[in-house]
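Naming follows writing order (A, B, C and D), and every chain is counted from residue 1.
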C-alpha cells in the first residue's frame, strides 16, 4: 500500500467525518443565526463592521432573554471576499450549522452567488446594502435601499435646491452604478435635461489615479451651467477621488458631489475639511438626532470599546432586518422558514431615524430618504429629508424592460417578477 | 587572405569569414576567419576573452554575428538558422561546464540525444527499438558508463559527466563536433583517456577542440589555431604555433 | 523495457490514486443518494459539491504542474485558462435558462436585458448547444495559450519574465471581463443557472453526477499526463526544465516542446473551469485575479511539484484547510494559510508528496537513497 | 498726483461711511446677527445679504464662522455665539466683539445649519467685504471669488478696488473679475467687447465657461466676438491639455516609481520575487498614520512636520521588518527565486491580516499637511501640490539610492554580493550581513514610498495589493537589475497610460498598457535596459 494514497484517503475521511458530525451535534437549546460577511480580502474594509454590528445585536437580544425562550447563537464564517466561497459558506451555514437565518453579503455579486443556495435549501437571507434593484427573491429580504430610495430623491434635491442643470454620472464599472446611472439618465431626460448635459464615466475597481477624471469633471463643469456629480464610485476608490477633488479645488459650492456609496465609515479615512458641503444620500446618518439612535450609538461604542467607531446606513439596515426577523419569529412562534417568510410581510419595527419601517410584500422595506452634507468632523448634516417613508421599488419604473414587473410574495400571487402587462409570473422562483 | 579562404569555401565543412560581434561596445570577435576541412581534428587555444566561446556560440546559432559569413558544408548559411536547426544539420556542441540532464538516468540522457526525429509528436509516440537500444549500449561502452546506466546523471563524478556529454554528442551523430575544454577538472589518467576518446571520435567526423591544457593538445597532435582579441593570431602545428612570437607574448608568455 | 525503479514506484502510486478517484466517483454519489440523511455513512450534498470543487482545483493544479513541475514554466496566469473554460461553460448554462430569466426574454440573458442590449452578440452564438460549448471549453483556453506561448517561447521569454507576462495576461483579462461592455456580465459574471443537459442543476442527483464527472475527468487527465510525462516527450520536457540550451543544442525545438505542454495544460485548466462552474453556480471576473493563479502555484508546491500526485494532494489539502479554517477561525485563518506557505517552502521544499516519497525511497532502498532525492530535483537549477 | 488724491479721497469716503454706519447701526448689527440664530435655512440668504450690506468689517468673522459651521445658537433663547472648546463645555464669545460672555454645556447650544447655497451666499458677501482689506491674500481671495460668481451689483466696487490695487496678481484677477462681471451688467457693447478681449487673453477654463454662458444671453452684435474668443481659448487649451496629460503621466509615473523602487532592489538586484513588497508600502503608510495620530493628540503644532517625522520612522520600521523577514525566511531561499515567491506570498498574507487585526479593516485617516494641500496654476496647467511633491520625492529617493549603490562602499558590497556571491565572500565580504542589509534597504524604501502614497490613496490593509502587480510590471518592463530601467519604465508607463486614458477610458487604457507590455517583452525579452553578454546567460 502506498503511503501517499493512504494519506490522501485519511485526509478525505477526516474532512468528511469532522464536517459531517458538526451538523449532527447541532445543539437544540439555541437558535443559530448565520453571519456571512467578508473578514478578509478587499471587502473586509466594509463588511467587518457589519459582522460586529450583528454580534452586538445578538448580544443585546440575549440580554433581553433571547428568542422564543432560547438563546441566540451567532455563527460567523469568513467568505474572504471570494464570491464562489460565499456560496460555499452559505451552504455550510444552512446545511451544516443549521442556522435559522443568515445576515450577510455586501456586493451584488456575492448576493447573486448565494441566491441559488438559499432558494435550494429554503433558508432566509437578510441583505443590508443599497443595491441596484431589479431583483426580488422569495428567500431574501432587502433591507438596504433600492434606487428609488436613494438615487432619485438625491437628484430631485439637487435640481430643486441647487438648480443643477448639468450632470456627471461617475461610477465604478459594475452592475450597481450601471443600473443606477441608467435609471438616473432616463429620469433626468424625463425631467427635460438634454442628453449633452449628461456625462457618464466608468472607472475600474480600486481606481486610484483620478487626476484625468477630476480634470474632465472640471472641464465639463465650466460650460456656464450649474453642474453636479452623482457618484456611484465604490468604497475603496472614494478616498483617492475625494483627495483629488479637494486638491484640485473642486468646492461643494461650485460642483457638489452627491454620493450613494460614501458613508461615515468611508469618511473615517479622510480629512473632510476640504470636502465640507459635498453630499450623500442615505436612509440613515449617525448624526440623526433621535433617542433610539443615541441609544444605538452608545451601545455600539460600548460594545466595540472604541469611542471613535462610527455607525452607518447598512448597520441600521441590519438593525431593522434583525428586529423584523425577531418579530416575525415571535409572530410565527417558530423559526421554520416558510412560517417566518409568511410572518415577515407586514412586520413593522422602529428604525433609527425616528419612524417605523415596514416589510413590504416585495421583500423591500419602507424608509425615509435623507440628504446629508459632509461636515468637517466626518459626519453628515441632514439638509433635506423626504416628508414620508418611501417604499422600495424592486423593478424600476424608469427601465423599459422592468417597468411592467412587480413582486408580491403573498399568496396567491407569490411571484418575484409578475408581469402586469401579460399577467404572467415571469419565471418561477427567480 | 580573404581570397584564399573564399576559394576553399565549397569544399570546406565549416567556413568563417570576417565574423565580428560585439557586446555593449566590447568587441568579442574581430573579423575572425578560418576553415575546417571534413574529417579534420582541430585544436583552438587562446587567452581568456579571446573569443573562443563566442566563436562556438556563433557557429551553433546562439549568437548572431554583427557581420561576416558562416557556412557549413560549403553553402548552408548558419547565420540564418537557430540552435535546433543547426544541431539537426549535424553540428554538436559540448559546453565548457559539463551539461547533462541531471534528473534523468544515464540511459535516458543518451536516449534523448539519439539522432531520431525530435518533433513533439514523434517523441510523444516514440518506442525504443532494438536498433536504438543497441546503439545506446554501444555508446555506453564507448564512454565507459555501461555499469551506471540506471543511475541519475547527477550522481556521476565530474569526469564521468564530461564523458556522458561526449557520449550524448556521439549519439547525436554530428558531422562536426565542437568541444569546449573537455579535460578541465579531470585527473591525468582521465585526461589521457579523453584524448584517446577524442581521436577515436575524430576518425569518423570533424572535431574542433577548445582547450587550455597544452599537454593535452600536444597529446592530440593536430593543427592548432591560436585566437587573441577576437581574431586568429597564428595557425599550424603545435610546435609552430607555440614558437610564434605573438603567441608567446599574448598567451603562453603570461 | 528498461524503466527505473523509481518510475515503477511512481507508476504504482498513480494507479492507486486513479483507483481511489474512480472509487470515489462511485462511492460518494452512492453514499449521498442511497443512504438516509441520518445514516452514519451519509455524505451530505453540501460535501459532494465541496469535494467536487476540490477535484476541479486539483485538476487545475495538475495542469499547472505539467508546465511548471516538468518544464519549468512558472505560469502565473493559469487561473485565466481555468476562468475561460468556466466562462464557456457559464455561457452554455446561461443560454439554457432561456425564457426563465427575470425578464422572461427567450434569447438574451438577464444582464443583457438589464443593460439594454437588443440582440445577442456574435460570440454568444452557438453556446446553446452543449457540444459547441464543450468544444469552446478546450479551444478558447487552448488557443489563447497557443498564441501567447507561440510568441513568448519563440522570443525566448524565460523564467521570471515569463511569469510576469502571464500575470499581465490574466490581469488584463480580469480588467476586460470586469467591463460591462464586453458582454460577459461584468463584475457579477454569469450566475442563476438552471439546467445542465436538461437536468436541474440544483438537484441532488445532478450534483452527484457532476462530482462523479469531476473525479473521472481528473483520473483520466492524470492518466493522460502520466502518459505524456513518461513518454520520450516527457523526458524532453524535463530536459528543457533542467538544461534548456543543452536540449536546444541537441536539436530539439524547445519552443515547440514548451508550446505543446503549455497548450495541453491550458486545455486541462479549461476543462477544470468548466466542471467548476456548474458546481459552484457562478463564474465572474474574480477568477482571473492574479492572486488566484499564485494560489494554484502554492497548491502545487505544497503537494510537491514535479510529481503528478503532489498537485492533487496539495490542492485538496490547502482548500480543505481553507474550508475548515474559514469557518473555525474566521479571524485568524489567514495566519494559518500564510504560515503554511512559509513552512512548506522552508521545510518541505519538495512538497508533501515529494518529501514522503523521498523518505520512503530512502527507507526501502537505502543504497539508492540518493537517487530518490533527485526525482523531484530543483527545476530551477539550470537557468 | 491725481491718482494719489483719488485714492486718498476714496479711502476717506470709505472710512467715513463705515464710521457713520458704525455709529448708527451698532445696535442694528447686533440685532441682524441675532436673527441668524432663529432663521430657517431658506431665510439665511437674505440675512447674510443684509449683514453684507452693512459693510461693517466686524461682520467678517461672523460670516466666516457661519460658513465654516462654527456659529452656534443657544437652544434656550436663540442667541448667537462664537465658541471655543474648554473641556466638556464650550466658552461662548460675543460674535461681534469677540468678548467672552459665559460658558455652556455642549448639549445646550447647537450649530447653525448651513448648506451649499448658504456657503455660496457667505462667500460672495465676504468677497464684497474683504475687497478692500489690507491683507493681500484676503483681497486675492475676494477677487477670485468675484471672478467665479459674478454679481453685476459689485461692478463699481471692483472698479474702485482695481484703481487702488498695487499688487500685480490681485490686479490681474480683479481685471478678469471685472470683465466677467461686466459681461452680465448693462454696460455698453464696446465695454463688453473689451471685456471679452480681456477674457480671451486670460484664457483658461473659467473664462471658457463664462463666455459660453454669455453666448446664449448676449446681443447678436456681440456673438461673433464671443465666438472668436472662445475659439482662441480653445486652441490654447489643446496645447495645455497635452501638457496636462504629460504632467498627469509624470505624476502617475512617479507613483509607479515610488511603488517599484524598493522592488527594484529586492527583486531587481537580489532576485527575490518579493510578493510582500506591497505590504511594506502599506506598513509605511500605517507608520504615517501612527505618527499623525500621536501628533494630533499630543503635539498638534507639529502637524505640518508629520511627514518629515514619518519618513525616517517608516524607513526604520519597514527596514527592521524586512531584516527580520530576510533573517528568518529568505536567507534559506537564495538561488531558488520561485520559492521566494511562495514564501513571501505567505508573509504578505500574514502581514495583511496582522494589520487588519491591530488597526481594524477600515481606512485610517492620514491628512495632508498644509504644504501638500491645494493646487497652483502654471499657465493653463493646474498643478496640485501633493502630486508635485511626490514627483520631487520620488526623484530624490531615486537619486539617493543611486548614490548609495554606486558611490558608497556599502553599495559596492551589495553589487558585489549580488553579482557573485562566492567571489565576494572569498574576498572577505560578510555576505549574510550584506544580504540582510540589502533586503532591509529595499523594504525601507518601500516603507518610505508608503509615506508618500498615504497622501493620495487609502490607508487600509489592502493598500499594498493595489501596487504589487504594477510594481512588478515596471521593474520587468524597465529591465531587472537596472535602476535606470525602473525610472524610465515607470515614467514611460505613466505617460503612456495618461495619453491613452482620454481616448480609451481608464479601464481600456490600462488593458492596452498591459498588452503593450506583453508585446514589448516579446521584442525585448529582458526589458528596456537589459544587461547583455555572456554573464547574463550563466
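We adopt the following convention: contacts are C-beta pairs under 8 Å (C-beta built on N, C-alpha and C of every residue); 3 or more make two chains touch, one makes a residue touch a chain.
Quick caveat, the model's predicted, so the values are computed rather than measured.
Undergrad: In terms of CA centroid distance, which chain is the most far removed from chain D?
TA: Looking at centroid distances, B is the chain farthest away.
Undergrad: If you tally the C-beta contacts, which comes out ahead, B-C or A-D?
TA: Pair with more contacting C-beta pairs, B-C versus A-D: A-D.
Undergrad: Indicate the whole-number Å distance between the mean C-alpha point of chain B and the mean C-alpha point of chain D.
TA: Going by mean C-alpha positions, chain B sits 65 Å from chain D.
Undergrad: I'd like the Å distance between the centres of chain B and chain C, where a centre is the mean of that chain's Cα atoms.
TA: 43
Undergrad: I'd like to verify one number: the distance from the centre of chain A to the centre of chain D, where each centre is the average of its C-alpha atoms, in whole angstrom.
TA: That pair's centroid distance is 31 Å.
Undergrad: Would you kindly tell me how far, in whole Å, the mean C-alpha position of chain B lies from that of chain A?
TA: Computed value for the inter-centroid distance: 72 Å.
Undergrad: By the touch rule stated above, which residues of chain B touch at least two different other chains?
TA: none
Undergrad: Give me the residue numbers in chain D that touch at least two other chains, ranges are fine.
TA: Counting only residues that touch two or more other chains, chain D contributes 352-353, 465, 507, 510.
Undergrad: Mind pulling the residue numbers of chain C that touch at least two other chains?
TA: 175, 178-179, 245, 331, 334
Undergrad: Spell out the residues on chain A that touch chain D in their complex, using ranges where they run on.
TA: 39-42, 44-46, 48-49, 161-162, 173, 201-204, 206-209, 211-213, 215-216, 218-219, 221-225, 236, 239-240, 243-244, 246-249, 252-254, 256, 265-266, 268-271, 274, 276-277, 373, 375-376, 378, 381, 383
Undergrad: If you look only at chain D, which of its residues touch chain C in the complex?
TA: On the chain D side, the touching residues are 273, 275, 329, 332-333, 336-343, 345-350, 352-354, 357, 465, 469, 472-473, 476, 480, 507-508, 510-511, 514-515, 517-519, 521-523, 525-527, 537.
Undergrad: For chain C, which residues count as touching chain B in their complex?
TA: 1-2, 4-5, 228, 231-233, 235-236, 238-239, 242-243, 245-254, 256-257, 260, 370-371, 374-375, 377, 381
Undergrad: In their shared complex, at which residues does chain C touch chain D?
TA: 74, 148, 151-152, 154-161, 163-165, 167-169, 171-172, 175-176, 178-179, 245, 290-291, 294, 297-298, 301, 331-332, 334-335, 337-342, 344-346, 349, 378, 380
Undergrad: Touching chain A in the complex: which residues of chain D?
TA: Checking each residue of chain D against chain A gives 41, 68-69, 111, 113, 115-117, 119-120, 123, 148, 205-206, 208-216, 244-245, 248, 251-252, 255, 352-353, 356, 360-368, 373-375, 382, 384-387, 455-462, 465-466, 498, 501-502, 505-507, 510.
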